[in-house]
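So, here come the structures, one by one.
Below, chain A partners chain B and then partners chain C, in two separate complexes.
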Partner chain A sequence: MNNNNTVKEIDSNSGMNHSARMRSLLNIFLKEVGIGIVLIVLVIAFSLGAPRFFTLINVGNIFTQISINTVIAVGMTFVILLGGIDLSVGSVLALCSIVAGKILINPSLPFGLAILLAVLLSVGCGMIIGFLNGIICETWKIHSFIVTLGMLNIARGMALQISHSKTIFNFPKVFNQIGTTTYLGVFPAIFIIAMMLVILGSVILRKTVFGRMIFAIGNNEESVRLSGHNVKFYKIMAYTICGGAVGIATIMYMMRMSIASPILGVGFELNAIAAVVIGGTSMSGGKGSLVGTFLGASIMGVLNNGLLLIGMGDFARQIITGVIIILAVVLDTYRTKFSAALNS
Partner chain B sequence: MKRRLLALVLGMVVLLPSITFANGAQEEGDDKPVVGLIMKSLANEFFMAMDEGARAYAEEDGSFKLITMGMNSETDFDTQVNAVDSLITQGVDLIVLAPADSAGMVAPVKRAIDAGVTVINFDVTLDKGALKAAGLPEEFLFVGPDNTDGAEMVGNYLGEAIGEGGKVIIIEGNPGADNAKQRKNGFMKSIETHGMELLASNTAHWEAEEANTLMTNLLTKHPDVQGVMCANDSMALGVVRALEAAGRGDVQVVGFDNIPAVKDLILNDKMLATVHMDGTEMAILAFNAGFEIIDGSRENLGWVQSPLILADKDFFK
Partner chain C sequence: MASIGNIIEFNNITLSFPGVKALDNVNLSVREGEIHILLGENGAGKSTLVKTLCGVHSPSSGDMVFAGKPYSPQNPLAAINQGIRVVYQEFNLLPYLSIAENIFFERLPKKGVLVDFNRLYKDAAVILKKVGLENLSPKTAVENLGVAQMQLIEIAKALSGESRILILDEPTATLMPDEIENLFGLLRKLKADGVTIIYISHRLNEIFQIGDRVTVLRNGCLVGTHEASELDIPSIVKMMVGRSMDSEYPFDESVIPSDTLLDVKNLVFKGSPYPKSFQLRKGEILGVAGLVGSGRTETMRALFGADPKESGEIFLKGKQLIIKSPKDAVENGLCLLTEDRKTQGLILDMSCLVNTTITDLEKVSRKGFLNRSQEEEITEKYIDEMNIKTPGLNQATLNLSGGNQQKILISKWLYRDSDVFIFDEPTRGIDVGAKYEIYLLLWKLAAMGRGIIMVSSDLPELMGVCHRILVFSDGKITGEVNRDQFDPETILNLSYKEYLNE
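The block that comes next holds the complex of A and B.
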């Protein structure tokens, strides 16, 4: 936020000198692209190490594989920017999939209507649970860690109860065709949806009062409250947005896998949190970006794909992924220090 | 039902990630033997079907009372230990147990036996070393399938379909799980028998989406693959979707378990075959073995094999 303010101030200063311009450029570069350097290094390394890595088909595959995590991580970014966390996203994904799946296989509905209803119900179900998460946290001032941990159990239990532990399958063909459509040979439909959400989210965070309030609350909640704003509203909205994003991710998952199951999504919350944090969003809130989150999700997807293509074993892959998550965040602390030094 | 609800609510209140479900009740003043069936995760369709099947069987049979208990996760062995202890306290006559941890469950089994309860180990074998260390026989009676045999059977079926020297990939279950290891061993045997070439063997942790991603990436690395052997059907579902998305209808897939979702895939030639395992039948075999031990007609040693059937297109017709 500090950096961001500085950049804005310098930008609006028409009489800014050359070195200030250079500084602001470097600042933007460090802020938004910093983690991109890690991604570029990985892509180059894998391209050299695995001949089939940098091909249209494989890049398209990676796009598909990061889409779901990207969408969940976009929602998670809103919550983490407020200094909160949402551990329930994986279970909510399972619950939304059961709700949407039951509608999709309902034989009395024409498939067009069934698909529309499934999308609306999935997003609606996610938003309701997000709203509940937010309102419980805010009404009783409980940390979101414990509220969403509770919701993790509630949503999973409900998914199991409603579905009777049974996988739902046999969705309309059109539905699955969307999930496997690829444009221009490299852009899968679900990736395009994910990108649109990243852009939409970025506009909301950067260009609207709502977005600025999210950053402001993450930086200093008390001063926002004292200046007369309804902090509770913004916080509940952030959780609701997160839930809605999970609802969209659910539809993407179902399009891709053509199943709905009460046991899917286990551990998705950790992947989403990792993407957000690798992307430079601070766990204590107030600092971060959705472009960073997208880059974070990309790094995880590229690692998973690239390490396999260069022939790394399962266990080594897990270890290296862990090491790179930590390294990326360690590097980020240097970037922050460097950019702070640059501004002083 | 009330019990189940109570357990659910209690579990949520203390925020345990694992909730025990207990079904069935025990009435006083009745001399019918009481059997406790402890399963693994009821989130797994296999155990859910077993739970329903076993309760229907107990009701129809009427000669014994059944209490069924399931966990909320496959690896939740703490809750399973508690389940055994609570059944001992309730004074059941027979405990039929699918261990969530082969070594870890030996100690509670020993406690039950010391308390005079007959214990039948089914589905997954207890660890031989741990049995010996606890002073129990290494050949403690086991009721369950031969996973190695089943995997070899379906692997051979794949081998015949793609022919001598066919190139295959194995999608493994959870590293460390006994049945995952056994199924991989079975696949390896069939690969040897049919002179197939193993291109890669990786884990997707039993999960459909992970298997989908893994298969997509393996296709990039090994486009010449002809067959895929999956250690369970959930992963086979993910693999079939990956092959569809890549337009590779030529690659043959086999799985294990026969979950309902694979029936259509096999009938529509998207999947070659799976291995059918009947959970209810396995539980009934375990009950009967237990009653035989109680009335002295069987020793608590050896292996009662529950049948595995190759489920190909003809099986479903």
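The block that comes next holds the complex of A and C.
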């Protein structure tokens, strides 16, 4: 009787191991590569449709165009992985730009020091606002949608107030040179910064205790709390990281565009959320990856650029981008169902 | 088959959930127009039986006969259409809508596309009179009502259609004595009108006040159906506990509790004004008995810092602990295995590995970076030691059986290694084999000098495994029984003590 059982178990186990391996391969394929395939299809389609699409200059352009959104979306991924959302990122970018801009044009500061201070203040300002978002959400248990919606207005108002609604420009030349530098003819400096942040973020999410906690809390906050962890701390940290990412994105934006303005970043939060969601991160938290987020931002950038090159007007482009966002999420529900069926 | 006078017959009903038989070959008939009382310990199968009757569960085998015809409801609506209505313990009312709208929510009278409010209020007034609430306006919003009134509204809702069987699940749990009297009056009136009533209760004295017949369930099996007049409380208790207790439960005579480990003094928390004090010794397995809602789980949660405390002191090995959150508790050597492993225990979508090491990530990381191979080694060790059946350590815990899920939960606390292990219903819903393994594990921990608290609704289990049993009743600790005085009647009487006084 007992012997029989063991034999059966071994059999089913070895069978499982084989098909389990197949399954996990298929899962990875569906998870990461699935969205990558969409990107590749788009690239091929546009290359065929518009001769100028797949040229060094244009690819470089796309890299530039997606860098800012990628960095903001990296921060946003941390928040969304916890089941939250940050609507304030666009306004915070404007506020950070004013703070950094004021320092950059301060004549009494040497260039080097001014740039260093601008970076520190921009990142610091973003982190403080993120921290506030987090602490308000957690202290009063208010949904982040509301808190960051409020913060969206507060940050925008502050940016307008501090700048007296004036644009700031004439930054030090060195500063803007970084923004326009391109390596190997195709990799803009700001894209390289964005890539580094994607990799850094991925390492944090995949390899560290902090990242483990983000996924665990996003899946089941109560279990994690009852396992003896300070859940609030991790949640507040995620918002702070998101704010910090916005601070970095602000500097990249200013390097590239050579301006700081209180009206920058309108709608940036929606692009960032779209990138995260297209990248397969679940709005309810606990599932997702930064590689996905980067691919999501790339799809948005490629679409925008490619549609323009094949002669699509502004309005049509907006419609198509909207359709793609919804389609990506619809496809994701099928993927989830499929992998659930695979695993049961 | 159907004999005259029976409105509903359950024939050989069996219902299995993964890993557990919730109902085992139950045969029961309820006579038309009687008040039939269902009794049993928590988890005996009362609710499952009722849910089978009202179309929530479909039996794995067996059949039902309703009013002489075969009956197999596919969903709750089918049962409602036959006139089978349930009033659950948790109210199902819409607080901001009026009484009238709540009563007729499923079929509001219409005039064209609009709701015919005149008729709605008139019809509602008729039904309100039926349940003795004629002095309330049907336009009152439900949120303004008291608990007893809400209950009557639930019953009114059930009576709004043609109702042939009315099922009440612990209707008196939250009522005051005069409200209970009032409810009983209504039930007698309904009975006189020919409505059959199935009544689930934990309060044994109620049986004699309103019951015609009594059915006792135990572990999903029917123990017996008797005329209420033929029974007394001791005989009912005997039927509820009944089963023999011997080799099913391991007891290690060689493990003798030593010094006091945990000393809880006058613990008071929200919703429970009675101060609770108890002690736990090293190497002791302390059982906690009582009905669901008697404050067992709530006390353990407050002790662990999962819910806020109002006052009270906790000493561990003579040192006072300040526990404001589970984090404080865990860092001071306490751990709690929650009753609900799916929502409060496991991170279901994540792997066995993640769920095992979650209680102490510092041990498997250096400077914040996780050491994956060390984590794998540890998880592998527990999968092996605890005999956990899983295709691999990366398997999501969602896909494991109940017993294996529970073992993963235990693993995570073994890995953390605490001084005090609090297990809340560690064996609920898992099969006999896994239960036995868990008992052995409790003994292993006790032999290592840990203190163990086991909350359980399974009295034979507590009596089989524990050194001492603490009994909760209606928010109070009503007794403490040592092993040499273990006796199901004593313990059950203590569990019901505070409820009987009312």
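Operating definition for what follows: the second predicted complex is superposed on the first by the 325 of 344 C-alpha atoms of A that agree within 3 Å, B and C clash if a C-alpha of one lies under 4 Å from a C-alpha of the other, contacts with A are read in each partner's own complex, and residues count from 1 in each chain.
Going forward, a contact is a pair of C-beta atoms (placed from the backbone, for glycine too) under 8 Å apart; a residue touches a chain by one contact, two chains touch by 3 or more.
The structure displayed is predicted, hence computed values, not measured ones.
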{"item": "When chain B and chain C are modelled together on chain A, clash or fit", "value": "fit"}
{"item": "Touching partner for A:212 - first (chain B), second (chain C), both, neither", "value": "second"}
{"item": "First (chain B), second (chain C), both or neither touched by A:148", "value": "neither"}
{"item": "Which superposed partner A:170 touches (first chain B, second chain C, both, neither)", "value": "first"}
{"item": "First (chain B), second (chain C), both or neither touched by A:223", "value": "second"}
{"item": "Which of chain B and chain C A:55 touches, first, second, both or neither", "value": "first"}
{"item": "Partner chain(s) touched by A:202 [first = chain B, second = chain C, both, neither]", "value": "neither"}
{"item": "Inter-chain angle, chain B to chain C through the CA centre of chain A, in degrees rounded to a multiple of 10", "value": "120"}
{"item": "Greater chain A contact set [chain C / chain B]", "value": "B"}
{"item": "Touching partner for A:289 - first (chain B), second (chain C), both, neither", "value": "neither"}
{"item": "Touched partner set for A:88, first chain B, second chain C, both or neither", "value": "neither"}
{"item": "After fitting on chain A: smallest Cα gap, chain B-chain C, Å", "value": "24"}
{"item": "Common ground on chain A, meaning residues reached by chain C in one complex and by chain B in the other", "value": "none"}
{"item": "Residues of chain A defined as touching chain C within the complex", "value": "9, 13, 16-17, 20, 24, 207-210, 212-213, 215-216, 219-220, 222-230, 286-287, 343-344"}
{"item": "Chain A partner contacts - residues on chain C that touch it in the complex", "value": "304, 306, 325-327, 329-331, 335-336, 338, 343-350, 354, 358-359, 361-362, 365, 368-370, 389, 391-392, 394-396, 399, 412, 416"}
{"item": "Footprint of chain A on chain B - complex, ascending", "value": "8, 11-12, 15-17, 19, 42-45, 47-48, 72, 175, 202-203, 207-209, 212-214, 216-218, 220-221, 234, 237-238, 241, 244-246, 259-261, 264"}
{"item": "Residues of chain A that touch chain B when the two form their complex", "value": "50, 52-53, 55, 57-58, 61, 64-65, 146, 149-150, 152-154, 156-157, 160, 164-167, 169-170, 180, 253, 256-259, 261-264, 266, 304-305, 308-309, 311, 313-315"}
